[in-house]
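Let me begin by presenting the structure, written as structure tokens, before commenting on it.
Chains: A, B, C and D, in written order; residue numbering restarts at 1 for each.
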Amino acid sequence: MLNLVGLILLFPLIGTAINGLIGKRLRKETVGYVACGSIGLSFFISVLVFCGLLLLPPGERLFEKQLFSWIESGSFKSTAGLQVDPLSSLMILIVTGVGFLIHIYSIGYMHEDKGYHRYFCYLNLFTFSMLLLVLGNNFLLMFIGWEAVGLCSYLLIGFWFEKKSASNAAKKAFVVNRVGDFGFALGIMLVFLTFHSIDFTEVFSAASHGNFEAGSFTVTIITLLMFMGATGKSAQIPLYTWLPDAMEGPTPVSALIHAATMVTAGVYMIARCNVLYMLSPFTMTVVASVGAVTALFAASIGLVQNDIKRVLAYSTISQLGYMFLACGVGAFTAGVFHLMTHAFFKALLFLGSGSVIHALSGEQDMRKMGGLRNHIPVTYKTFLVGAVAIAGIPPFAGFFSKDEILLESLVRGNLLYWIVGAVAAFLTAFYMFRLLFMTFHGVSRVEHHAMEHLHESPGNMTLPLTVLAALSFFGGFLGIPGASVINSFLAPVFGGHGHTEVSGAEAGVHHSAWLSSLMMVVSTAIALAGIFLAYQMYSKKPELPGKLAERFRVIYKLLLNKYYVDEIYDALFVNPIKKISVQLWKRVDAGMIDGSVNGIARLVGGFSNILRLLQTGYVRNYAFYIVVGCIFIIIFAVLGKVKF
Amino acid sequence: MPILSLITFLPIVGVFFILSMDSKRSELIRVTALLVSIVVFFISLPLYFTFDAHTYEMQFVEKLQWIPSFGVHYHVGIDGISLFLILLTTFITPISILASWHITKNVKEYMVAMLVLETGMVGVFISLDVFLFYVFWELMLIPMYLLIGIWGGPRRIYAAVKFFIYTMAGSVFMLLAIIALYFLNHRATGEYTFNLLEFYRLDLSFAVQFWLFLAFAFAFAIKVPMFPFHTWLPDAHVEAPTAGSVILAGVLLKMGTYGFVRFCLPLFPEASHTFIPVISWMAIVGIIYGGLVSMVQDDLKKLVAYSSVSHLGFVMLGIFAFNIQGIEGGITQMINHGLSTGALFLIVGMLYERRHTRMIADFGGLTKQLPVFATFFLIVTLSSIGLPGLNGFVGEFLILVGTFKSRILYASIATSGIILAAVYMLWMFQRVMFQEITHEENKTLKDINKREFAILIPIMLTIFWIGIYPNSFLRKMDASVNHLLKQVGEKANVASRVHKPKKSGQLQKNVIPKIDIVPECRTEW
Amino acid sequence: MITVTHYLVLSAILFTLGVVGVLVRRNAIIIFMCIELMLNAVNLSFVAFAHYLNSMQGQLFVFFTMTVAAAEAAVGLAIIVAVFRNKETVNIDDINIMKW
Amino acid sequence: MEAYLFYIMAAVAVASGVYLIFEKNPVFSALYLIQTMVSIAVLYILLEAQFIAAVQIIVYAGAIMVLFLFVIMLLNLDIKEEAKNALPFQRIPAVLMGIAFFTVICIVLRSKLLQGKHGEYTTAYINSIGNTKLIGNLLFTDYLLPFEITSILLFVAAIGAIMLAKRKL
């Protein structure tokens, strides 16, 4: 069954090809069937592969399939090969599973759009790229997927390319990601230089059995460079700015790419390279710190945003920060677990918000919503599940994963990480319920014309919502402390670094069960506090937020304007580079270089102009020169031989 | 079969055909030119399939006496380095001719120039006699000069003269160096010859190498063009007709980089080693500078022209990494650049045909009117950016790996060029293809027609082919590149050992064992 | 006794006069006449040489020179007439386009 | 007697030459030139080249110079010197160069460079056959080809002159 792994990639590619090449001539239904069918088949194969992997004993759960030799030059070899291990099999399930649901949802959501086939072509291509990213058996293949998902993200953010904001956001996403990729690419080169291979298995076995002492300079640089790539793709400080803007894309895209799958690629990469990261404590500190700071930072911005999708975007950044915090303290399992649960509930939330936007004919501003819960009940209910899940109320999925991260950050990291994480968790609960209350509760502030078309979404949109809601509820049970299925499943990947003894259930055993239980209570309390505050402010006393904003005007404006980071980047990088470039062009290129070239030409021309004066055009003048010439010729030719 | 001569001189035969035609029957002339170039392409294909990848020796060799009194031979042959450049030339030429269908002014002369140009370009890549090389090198200059000067834009005379004089200025130094080599070879072996393979065996003192390297490098650096010598390129590109730009970017620029690989490195290995920092820094500055300047251009062709400066900086960097990844990457990147930048110029040309402007500000939102065109444009843009899976990535990455192996600092700075590439290309793409249509004229544009489709499709297929399965290219160059590295490395060692006690030609002859590299030529025809 | 040198010096004087005339005069016809003067000077030296060296070739050459002079005069004067017709002048300082 | 005649004729030739180049009126210039030619013709007789002397008078002084005068009068040129003098500064250098030229030639003449071989046509021999007859013989035997070419030259010159002078063809 594991041999079928190539098919997982093949189906989305076929879907892309069909929709891309002849999609324009197909009927909309066919396009939808092709797109969903290809992902569905891919999901089916993924399940088969997953089962095939389960059949193997835990220690041997690693399968590699070499397809062909891709780039080979001297000692540099990169094969196109696929690797199935617990981590990647989990990822393909998430990607194809959530992807399948979102494809179905998109049929309803994008039905009116003119670029229907284009949309599904891109979406299939995205799935293919993401699968390539997670299945690739070497760094370079991962890099292909890495860049290709970036491309799809670019295409899909800019899907409504006629909007200037959308095309700007698309370009920004690609360029910012490129900055990260710059680091990733250098990292890969350094890996090749250090290990003489870029194959995962070879590199990791060399690293774990090799002579690389922990904290060696090279490994630190490698991991830092790769983390740079991760900050780009997974929208961490300082490269997070593209993600909020990416909400210009269609909402299902935001759900699939900018919440569930692509943005988690950074986490996946660090989890994949855990061997290297474990060798560099410094990098781990950097990862954890960046993750923690991002979690808090993004959550604080999310508090005051009014665009429903932007709130979710900042929430995503914040949650990704959590995952990096987990990876940074060495709790890779916790990170991946949160990655999975986050994929469920954040996809659910995005799709829910999409349903809201759909119902309101495209309105995204929460100040123009309110009281929608009776109009769109299914959306409301599923959205509520998602919100509870992300806030971390037991027994929903988010509770288990987030709780584990907080626990790990305290046990393996330090108190500071925990405090930051806990505050971020509080803020998360607060802004999610602020969103919920502003959208679904209270008085309706919906504009008149939108109110007329207000309707619940069709079945092909609500069905995925329901399924995702179920997953958001049950997903957490995979990682119940003490009986964590996911932990033992992923152990072969993360094993061998003294990992099992601390993470998840074993951590509880190791560090006394009471701490674990205490943590659960505390985090539940934090979440409840956040929800309560949101209820107080946005449901009971809706005038309170305005007053607070008035009171803490500076802070409010700072948050509303996202700490002016975009403006700072513009002022620090974008504008100076533009100005320098113009100067380079006008001054250096046209002025100095071309100037000197033309200057030489002009010099020659000027000199010739002086010489030209000899050519008066007067025959007499020329005759005079001839005479002078004759005299000299006679002097030189004849007089030399004169004998008197 | 003298396949190389056939490829080289068939276009000239075509020229005679075209010359005998009535200049009013432009359709017939176009079709004839196209057919000739397509036939040439198909004749060149067996080169690829019958090429023996296991040897570094020159293949398909032909050797005839040409000017016996000066020891000049008609001596041609290819190895894994020149193979793909020839294929690129024969591939690009029919595409360029097809892209010149809209030319109505002096069609006959235009097509004659194109075919002569093809002869010149192929000749440069196959010559193993330095004299012959120089002849072809200058030969291809003339039709290009005419293409720019006659069928170009408003400032065509300025651009054509600049192009011509710039290149000539470099060639003069190269000619001097060639003559110097000729006499040095005579002093060492007592034989008057221009045979490049004989020159390879010369053992030159460092001072001589230094100056000769400079002379050759000057000529090639102008042609590449490397950073401070690049200003002829934007002018030439902007003024040249579409096909001229395509060939200029696609093939002519490669002659500079090819010259470095074929002449500078193996002839002057020690000097080449000495010049690594200079050339590398020039390349790096070119990469960054080209990217930055490209970013702020308002003319599409100028933007692409400056991006060429950036891309060829990568090629030079790779070649001067002096390891297999770098050089193979460099050669791959030469082909890639020929394809992607060539395609970009074709695309800009198509836009120009429709709107008669190349200013970015005059476009915007074209995707809505030209969806198929937009797809092609996007693929080419991405290939130029170096997206993995497309051709640009393979070359760029190998170059960077190679550079990284030799000097980490260079590679680290050069890698930032890939960020800039994304910035300038995507910004351009956004302003041309995305956003709303702001100009009324753009609302009635037609999507690409069959001819344009036929132009772009082969390029697209090659772009994907190289991106997905580059080994079919890389394997063919292995032996040659390895040999080149051996030449560069070994000769540098030999030379440095013999450097001090240099006495006379006698001694040198003993030091360098006489090995017959090329089996005596077969000249049945 | 009159030697060949006498004739040659006379010839040189006349030739020099012709040269100076070409250089200082501006009237095309007079310049033309100065050229004829130079030709005559040369003819004189031919004949003088022929006489003193007992040869006929000098005289024959003078004969040919005269033919050439006749042809030249015909064409040259025709040119002058043509130029005059176009530019209304025979002042060669008015005809100075020979610098391109 | 011969010496006197030479000096007189030489003086006339030089004086006429000087007048020729300094005379403002082209008609007078032409007349001075004729005077020079006639005096040269006398010198030819002194050198025993009677045929050349005759041709000098007939062709040069007679035909060519008449043509000159004819053109001068046809164009009806102004008597006063041409108004425009673009190269006034050339006058003195020109005279100096003339002197230098003359000096150089004189130096060459004084040297022994100009040594010719003596031929067989002594004066006695020429006189025994007759100058004109001898030239005629030579022209139609040894120098036949140049002679015929001369005819072509004159023919071409005639056509050329017509082509140039004709207003429209």
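As a convention for this text, a contact is a pair of C-beta atoms (placed from the backbone, for glycine too) under 8 Å apart; a residue touches a chain by one contact, two chains touch by 3 or more.
What you see is a predicted model, and the numbers here were worked out from it, not measured in a lab.
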Neighbouring chains shared between subunit A and subunit D, ordered by label: C
Distance-to-centre winner among chains (Cα means, whole assembly as reference): B
For subunit A paired with subunit B, centre-to-centre distance based on mean C-alpha positions, whole Å: 38
Inter-centroid spacing, subunit C versus subunit B (mean Cα positions, whole Å): 62
Mean-CA-position distance for subunit D and subunit B (Å): 68
Length of the line joining the C-alpha centres of subunit C and subunit D, rounded to whole Å: 6
For subunit D, residues contacting two or more additional chains: 86-87, 90, 94, 97-98, 101, 105
In subunit C, residues with contacts to at least two other chains: 19, 23-24, 26, 93, 96
Every chain pair in contact, whichever chains are involved: A-B, A-C, A-D, C-D
List of subunit C residues in touch with subunit D within their complex: 1-2, 5-10, 12-21, 23-27, 29-30, 32-34, 36-37, 40, 43-44, 47-51, 53-57, 59-60, 62-64, 66-75, 77-82, 84-85, 89-91, 93-94, 96
Contacting residues of subunit A [partner subunit B, same complex]: 68-76, 118, 140, 143-144, 146-148, 151, 154, 158, 161-164, 166-168, 170-171, 174-175, 178-179, 181-182, 185-186, 189-190, 192-193, 577-578, 580-582, 584-585, 588-589, 593-594, 597, 601
Residues on subunit C engaged by subunit A in the complex (per definition of touch): 19, 22-24, 26, 31, 92-93, 95-99
Residues on subunit A engaged by subunit C in the complex (per definition of touch): 612, 615-620, 622-624, 627
Subunit D contact footprint on subunit A (complex, rising order): 616, 618, 620-621, 624, 627-628, 630-631, 634-635, 638-639, 641-644
